[in-house]
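You will see two complexes here that share chain A, one where it goes with chain B and one where it goes with chain C.
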Partner chain A sequence: MAEGTVFVETVELAPEPPPSGPVQWIRENLAYSVSSTITTIVIGLVVFFGLRALIAWFLNPFRKWSAATANARLLMVQAYPDDQFIRVWISVGIVVVLAGLSAAAWRVAGKVSVGQVAKGLLSVGSGALVLALLAPGGLTGGRVIFGSVGLVIAGIGYMWKRARKSSVNEPVISTVALAGLALVLIGVFLWTVKLPVQEVFADGSKEVTNQLIARSTKLPWTVQLLVLAVSYLVGVAIRDSISSLRRILVGLWALSFPAILMVVMRAPDIEWDTVLSVDLPIFLAIGALVGVILYVIGAPDAGEWKYIVSAIWLVLAVLWVLFSWYLFDPASSSPFHFTSSAADVLKRLEFKFPLILGALFALAAPSFGGARAARLRYIGVWLGALVLLIMSFRLGAASSLLELSGTAFVGGLSLTFTLAIAAIVLSFPLGVLLALGRASTMPIVRMISTTYIELVRSVPLITWLYIGSNLLNLFLAGVVDIFSVVRAITAMTLFSAAYLAENVRGGLQSIPKGQYEAADAVGMSVVQKTVLITLPQALKAVIPALVGQVISLFKDTSLVSIIGLFDLLYIARNVIPGQSANIGSILELTVVAAAIYWIFTFTFSRSSMRLERRLGLGTR
Partner chain B sequence: MNKIQRILSVLVVLGVFATACTADDTAPTTPDDTTQTDPGTTDTTIAGGSTDPTTPVAGQTGGATLDEVRARGVLKCGVSGSAVAFSETQSDGSMTGFDAEMCRAVAAAVLGDATKVEFAALTAAERFTALAAGEIDVLIRNTTWTQSRDTTLGLDFGPTTYYDGQGVMGKASDGFTADSTLADVDGAVLCTNAGTTTEKNISEGAAQAGATIVLSTVAEFPEAMEGFKAGSCDLVTTDASGLVGNMVTAIRDGSIQEGDWVVFPRAPISKEPLGPVYRQNDSQWADIVNWTVYATFIADEFGATSGNIDSLIGDADLNPELGRLFGVTDDELQSTMGLSADAFYQVISQVGNYDEIFTRTLNPVGIFRDGSYNAQWYDGGMIYAPPAR
Partner chain C sequence: MTTAIQRPTRPPFYRDVTVLKWVFQIVFLIGIVTVFWLLGSFSIANLAKQNLAVSWDFMARPVGFQVAEGFTTLPESGFQALLVGITNMLRVTISGILAATILGVIIGVSRLSHNWLVNKLATVYIETIRNIPLLVQIVFWGIVVSIIPDIVVDETSDGSLKSLFGLRLLPEGWIFASPKGFAMPWLVPTDGRWQWVGFMIVGAVAALYAYRWRIRLQEAGTAEARAFLWSGGVLVAFAIVGTFAHPVMGIFGPVFGFVAAFFQNTPIIIFQIVLAGLAVGGAYYIIKKRLDELRTPAGLGKLTDDDWFRLAMAAVVASGLALFFLLQSGPVKAIVGQGTIFGQEIGLSQLFTGLESRFSFVSGAPFDFSLPAIDGRFNNYAADAGHVITRAYFALWIGVVLYTAAFIGEAVRAGVLAVPKGQTEAGFAVGLRRSQLLRMIVLPQAFRIILPPVGNQYLNLAKNTSLGIAVAYPDIVQVGQTIFNQTGQTIPIVISWMAWYSFVSLTLSAIVNRWNKKLKLVER
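Right after this comes the complex of A and B.
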């Protein structure tokens, strides 16, 4: 048809610049159609009035925010004795030192552009200013202060942003310098900013005085800030010379929890005579004998008999522990009547659990043995594990040097942390084992695992807490005090392990069959295949789910108040509003508790995102 | 080779067990001996259970509480720790309030030192189990004495130290006065915390008075108070002491004026006698707790206070009843109870008489004795102690 005609563009038009400006932005994002305009207006009004009401509530002069600041200590540790308080600071110090060193070792320091910082300051400051202006009512003192602080921050941000635009190069600033600046600011605030604090006297009269934020704790907190800075600098100095610093730090983090719990919070009275006369010989005897067995079993030849001997050993050891624990309680008159104290139980089990541990090591020996060097290294690991096990039993059974008023071991945030960390750490291996058991081809193991998981998952946590609190009490009759915490940890661990098992099983199922086949092809044993091939990939795949579980477990600790433990939320909602000075402060304290929970769970989720990025999840 | 290895490993496994068996025999005895010869380490609370072999097992107690407390050197007293003016946990962790003072009184009587008390803060659900299991020696936790608790729990109740009763609080602007009755609450929204007897009492009381109420329940009483302040509840109900405490606090804050809120009716909806609780079948311990409470009553009756007791006992004209009670003229009765002769002198001198305790702890939240059931019997109240003779 019109074949010969070809239209050729000869004039090149410059592309039209995209329309910009606030009006255009609103048109594109908020009012691109009639319905979107209506939605924007409705939601805008809801947000406006909602925020207004919220700010009004927060700034209401009758709100007793001083109930939280005056009782900070109660919220953190409940009733910890005054003269022993240095122990609390030491435990905080341990965490702070490790945090500083880790920040250096993992090189968290980065660069951030000044423009980015300025933008952040501008939005935070203007947000604060808008909130202050939105607030109903007159120009009260708090509102003016809040608004002017926002104005100053926004002003700094705006000026920085302008300065950035005028300069040619994008200036950058170290995040460490920013963090250092923030620490200095916090330090200055601790010593200068005053808040009204209400005091009540015996005759019922009250006096409101302006006091520093951290009245009695400003010095320790300043020391902690300095320790953080110093340990970071030390970490920077040594991170290049010590190549395995990260591995050492992981080990130290793992040890820090029991160390804080035992040495700092509980102060066990270790009987060194017993350690030398009983523990040491037993350690040497069991360590040497099992070491010899491991050396023999770890030999690089194949042999079914190794597994049979180890399995018989394991069954015998487990039966022996159970029988001696329950049926042959020397302090009781009848087989089913238990009168031993926790310390006695721990002392009796101190030398039986190592046999279970030895059996487990023997079962895995063919997988990790081999050449002479490998076998010797394996025996070294066994001896290390044995020392840890015996020492933890010894520490657990020792009486405490620390006298606390009341039966409360710890309370408040420290209890919340104790429960959460212990339950997470303990439920992890159990959950992984259950997941492997459920995915196993052995029918009995699979059946037991499946039954456990389904049974535990189908009952609410509160019920397990009740069961744990009451049934464990019957099993270990006469064992009280610290065991109310241990009972809660046991119930939470068993509960959480079932959920964790299902998460891990999801990861195991996501691994392509080729991985298993490749492992089989190179002649790996079952244990090697699991530990080296499938489990690492499975765990990596389910990190988001595991972090979700950690967060939910952390929040679930607030349920323990129903079995009589005083966690953060119970202290905030019951104990502090029960002080005659703070009647009617329940909403304020609930908000404060929510903020504390939020700070930690938000930190968890951010760190998990960091971990995912490091492992390259979602980028493959 | 293989066979030898097999036999060898079985032998070694058996050897390990044999070693562990011998260790098992020696292990428990050695540490036990050392702990028991050292009295300083036996009474620690967080060691995971008492090393004392007499620790009672639930439901199996036989008059050993006094010996146990003596051996331990400290009284374990169960309180609430979150009950305004009765047992408050202060910001430094110390325990104050009416119940806490009663605990101190018992410690003064038994151990001669009012500070030798270890407070166990217990939730309402845990309190009776803790007492029955021997975790505490006495429970003084604003606990109402009822027939079912007395008969079914294996526990006994001591003399009532505070007569409470359920009341209703309304606003004067809604037309409520101190003379209002339950018949006047018809059609009102009434808030209270769930899971307590207050809920049942008010429903029954209103039905009997012929009033229809809309009952709105929340988890904790302070939430009900928030609703009352905000106007979503017309009325709130709980024990009158709690209502008065909240009202007085609001007046002090300046959020309401005196008379804006009123507590009614004049005769409480329910009887809530609060007092100490102990394990049953331990008469000696029961006598000690009972007579510690009575000693504070009697000292109040005859005007012996912590301030004047020292001059009183030196006085030749000392009231003979006080003389016997304080062990000045006769120490026989206290000794029979297993206490030292000056046990009740220590109570009054270190803690004070009933009126002093009441004034110190309850007056600040606006609860007064005059005209209440907690006045002495000769003032028209119900505080009445048997004679000390």
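Right after this comes the complex of A and C.
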């Protein structure tokens, strides 16, 4: 080592913390250059006056917000009979129970750092304070309370944030605790917070009184909150002992929608003697017969005869349905003269559709059969499907016990949800089939699928709704009387299937070629390759696109108001402003409808983003 | 040593995949055709019950209703009524696409701004607009338009705007507002406008050449391009000169007249032969191209059944078309203008006759500046004074523009974020300002990524104009619905809707695809 080397002792200094504080923040985010300062000032003035005008508009005593609050029931479920209203609460309760159980089963509970909570409090509180200060007319009355509550919340948040800096380990809070706190707060608000409500009496006089926010529904909502909490706790208790809880819940979610719609809300008049004398024998006979056949056909040996027998079976069953449905009506001799109602048609088809279903199961049996256990499981699936099929026929054919003022037993927001869910559920299989058809190597199938997809996509939805509401009756009038809601669902299903097919096709194209080759190499049949290899991967890849489609379909349901269905928008726009007490409230109600749509769509899109992150899509 | 080549034996037909595939497809096709046949026969039977038969007669007959706005409000026939609907739809679509693009780019860039306020404002805009159904928004704007006059109109005047802080922004009588809509000054086109448009087409070609010339100069290294400046200058020069010199285009009048006479007087059989020849030639070209693609150096590749099907389809369709043109003179006559379609003479000959009359020598300015005028009470605006934006038009237009702009904004943001960071850093390294960086480096590259989703949004905008029916805007859907309420002819109207919207979709996607191809990175 050379002499004269000087060792300099270096001291590692901690890097200076970046300057922080409100002034620094403004310097970095609002005024980092001359032009940005000017932009900030100009935009700030626009925002200031815009917000002020908006608040003034909202708080204007001439606004008829009471038109929306007094008609909340109409907006949600239209004119559901009063004496049966408990059914609506049971439906909500079913969803709430499932939501609580699912939250426990999927372990949504997480941890959130105190810093984030403090930041949230700070922004919520200061937002409230700013709104109170901006409101024209100065700080008077309720605005003082509102503003000071905001100030207190913001203060707590800020102090907490400052206090956090001194501690080394950042403490965390469970999100469940936060959600529980929020539930308790909501429950307390339901019973305590009062808002001024303007009431218009028959003689035209008006009176402003302070009333609870949900004065007629505070009890049911409190019960729902409790049910939510209890079902979550139950879910937590049982999630470790029941291993297939998630699968069961998925099944229950799938069943809950038809159950709510057909059983709870519709109150079907089920004739139990028919169920015992007709449905049960059909189920036992066809179930056992087809079960035996499936057991034989599912045996793991080669043989074309299985396919040939199943195909002949399928063709015969389809022909039987077609002939009995269209051509030979027992009530008349002429083929083009029908007077049957939908219920009659359903009754006549009850025997035949299980046979078609059985043929389909038989066709797929060689692909999913195999060892004894697999075959028995397959027969179990068959029996379950048969029960569902027979039950839906029975429920569809039964008349409703409700005495309704209109034609539909759902309306308002529940109709909006019914349309969206039914259309997306029904269009899913059709869309997948269309996507497979478009990607298939069979030219005629491909041509027909492509034509369908492109034609449907190029024409706007409102046209399809008109076609549904006018042509569908023209096509089938006299054969089946189709209910207007069903016509709208049909049109939306056919429309949404084309878009869904394009999304799924994107997923199919993203699958590497090696996957197909590997499936071929292990000797899979086309059905096995599609169901076990291609579709699961394709569908997983397009989940974000599918959620996006659910969102746009939810928004698109508003179009049915043009063809005169009583959905949320129609009631907000045409029904309530027509009431004598609420004339001139159309703008307020449109804003309320927009807000309701916004809340749901925004929630969907945020949860889809979370789902995307959780699946790790787009980050690979 | 030789090995015996084992020829694969064909499996029996019931195990042959190709045979099974085709049997399945034919059964499938028969099933689909049967379903359509059943539906068709049911609807005909049901129509017969109402004493109706599917007919297109309403296209030629006068309709008994008035259209709220359009190039004519009293259509002479169903066909013309639908045409009014189509032009109304195009009016909203074209102006909407322009406005939504500009607003969308501004929103997209704002979302990337470092300025907290601008950024948050754009985010709030997008999250609000995107999550509310468009129909609700259109309805909302329809209501808002009808109450705007209460706020902005000077009560003492006849509908003219209030002054703001004692300051009159526009001279009195320039803008009127009423619940029926707004009236504003406008350059009202006069007879000379067609010649001027012709002049501008020449100008556009000249501008294109100017653009290419400047780019060439830059590539040669002799001068800085400033290509947009140059081509824009050429256009402006043509526009100004054209205002005075447009009668020059009158020389095209006789040319168009000659073409019209040609279509009118040439025997129809010649056109039939030409069209049939075109069909056959097109099929020949397609088949040859496909075969060339399949050709390998060792000769013609093996054709799969799919290839055979495609080639056969091309041949069958072409021969069908050729036979149709040769045997049916009616449609051909309608196309060249010697016959009628739906009782209208709208062929090529009539097109050129129209152009001839519009291009023959007319003097005077192509446009007149005109102020709006009030005609009678309650702000009935005079028809040909100024320009009236009706309530329905405004509600639909602002609705689709704001809605589409939110989606375009997101596409722009995604496109800009997809440009590699190195590009930005390199741009800053050579000393570009942020605005220059955006304009010269980032946006041109982002454009390639942005175009496909934005093209999709244009298509959505075109389709969404059909929601104007909620505010009674007379587009093709609303007019068609009125017609079928009157005549009961649902099926023809539905077919017209499908034909028109398919045409719009195909045209728009063809334009976007063309651009897309042009912008694609040329890779090795």
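Quick note on the criterion: the second predicted complex is superposed on the first by the 545 of 620 C-alpha atoms of A that agree within 3 Å, B and C clash if a C-alpha of one lies under 4 Å from a C-alpha of the other, contacts with A are read in each partner's own complex, and residues count from 1 in each chain.
As a convention for this text, a contact is a pair of C-beta atoms (placed from the backbone, for glycine too) under 8 Å apart; a residue touches a chain by one contact, two chains touch by 3 or more.
For clarity, every value in this text was computed on a predicted model and none was experimentally measured.
Trainee: Tell me the contact category for A:Trp305 with respect to chain B and chain C: first, second, both or neither.
Mentor: first
Trainee: Name the contact category of A:Ile448: first (chain B only), second (chain C only), both, or neither.
Mentor: In the superposition, A:Ile448 contacts chain C only.
Trainee: First (chain B), second (chain C), both or neither: which does A:Ala135 touch?
Mentor: neither
Trainee: Contact-wise, after the overlay, does A:Tyr597 reach chain B, chain C, both or neither (first, second, both, neither)?
Mentor: second
Trainee: Based on the superposed arrangement, let me know which partner A:Gln579 touches: chain B (first), chain C (second), both, or neither?
Mentor: first
Trainee: Give one of first, second, both or neither to describe whether A:Ala229 is in contact with chain B, with chain C, with both, or with none.
Mentor: A:Ala229 contacts neither chain B nor chain C.
Trainee: Applying the document's definition of touch, where does A:Ala491 land relative to chain B and chain C: first, second, both, or neither?
Mentor: Neither partner.
Trainee: Of the two partner chains, chain B (first) and chain C (second), which one does A:Leu587 touch, if any: first, second, both, or neither?
Mentor: Both: A:Leu587 reaches chain B and chain C.
Trainee: Taking the superposition as given, does A:Ala435 touch the first partner, chain B, the second, chain C, both, or neither?
Mentor: After superposition on chain A, A:Ala435 lies in contact with neither partner.
Trainee: More residues of chain A in touch with chain C or with chain B?
Mentor: For chain A, the partner with the higher number of touched residues is B.
Trainee: Could you give the residue numbers on chain A that contact chain B in one complex and chain C in the other?
Mentor: Comparing the two interfaces on chain A, one with chain B and one with chain C, the shared residues are 477-479, 561-562, 573, 586-587.
Trainee: Name, in rising order, each residue of chain C that touches chain A in their complex.
Mentor: Answer in residue numbers: 14-15, 21, 24-26, 28-29, 32, 38-39, 41-43, 45-47, 114-118, 121, 127-128, 130-137, 139-140, 143-144, 147, 305-306, 309-310, 313, 463-464, 466-467, 469-470, 477, 481, 484, 490-491, 494, 497-498, 501-502, 504-506.
Trainee: Can you list the residues on chain B that touch chain A in the complex?
Mentor: Residue list for chain B touching chain A: 2, 5-6, 8-10, 12-13, 15-17, 19-20, 23-24, 26-28, 30-32, 34-35, 41-42, 44-51, 53, 55, 57-58, 76, 80-85, 87-95, 118-123, 125-126, 130, 133-136, 220, 222-223, 225-226, 229, 245-246, 248-250, 252-255, 360, 363-366.
Trainee: If we count contacts the way the header does, which residues on chain A are in touch with chain C in the complex?
Mentor: On the chain A side, the touching residues are 29-30, 32, 36, 39-40, 43-44, 47, 304, 308, 326, 336, 441-445, 448, 454-455, 457-463, 466-467, 470-471, 474-479, 555-556, 558-559, 561-562, 569, 573, 586-587, 590-591, 593-594, 597-598, 601-602, 605.
Trainee: So in the complex, the part of chain A that touches chain B is made up of which residues?
Mentor: So the residues of chain A in touch with chain B come to 62, 70-74, 78-82, 200, 202-204, 206, 266, 269, 271, 273-274, 277-278, 281-282, 285-286, 289-290, 292-293, 296-297, 303, 305, 309, 312-313, 316, 320, 324, 330-331, 339, 341-344, 346-348, 350-352, 354-355, 358, 396-409, 473, 477-483, 486, 561-564, 566, 570, 573-580, 583-587.
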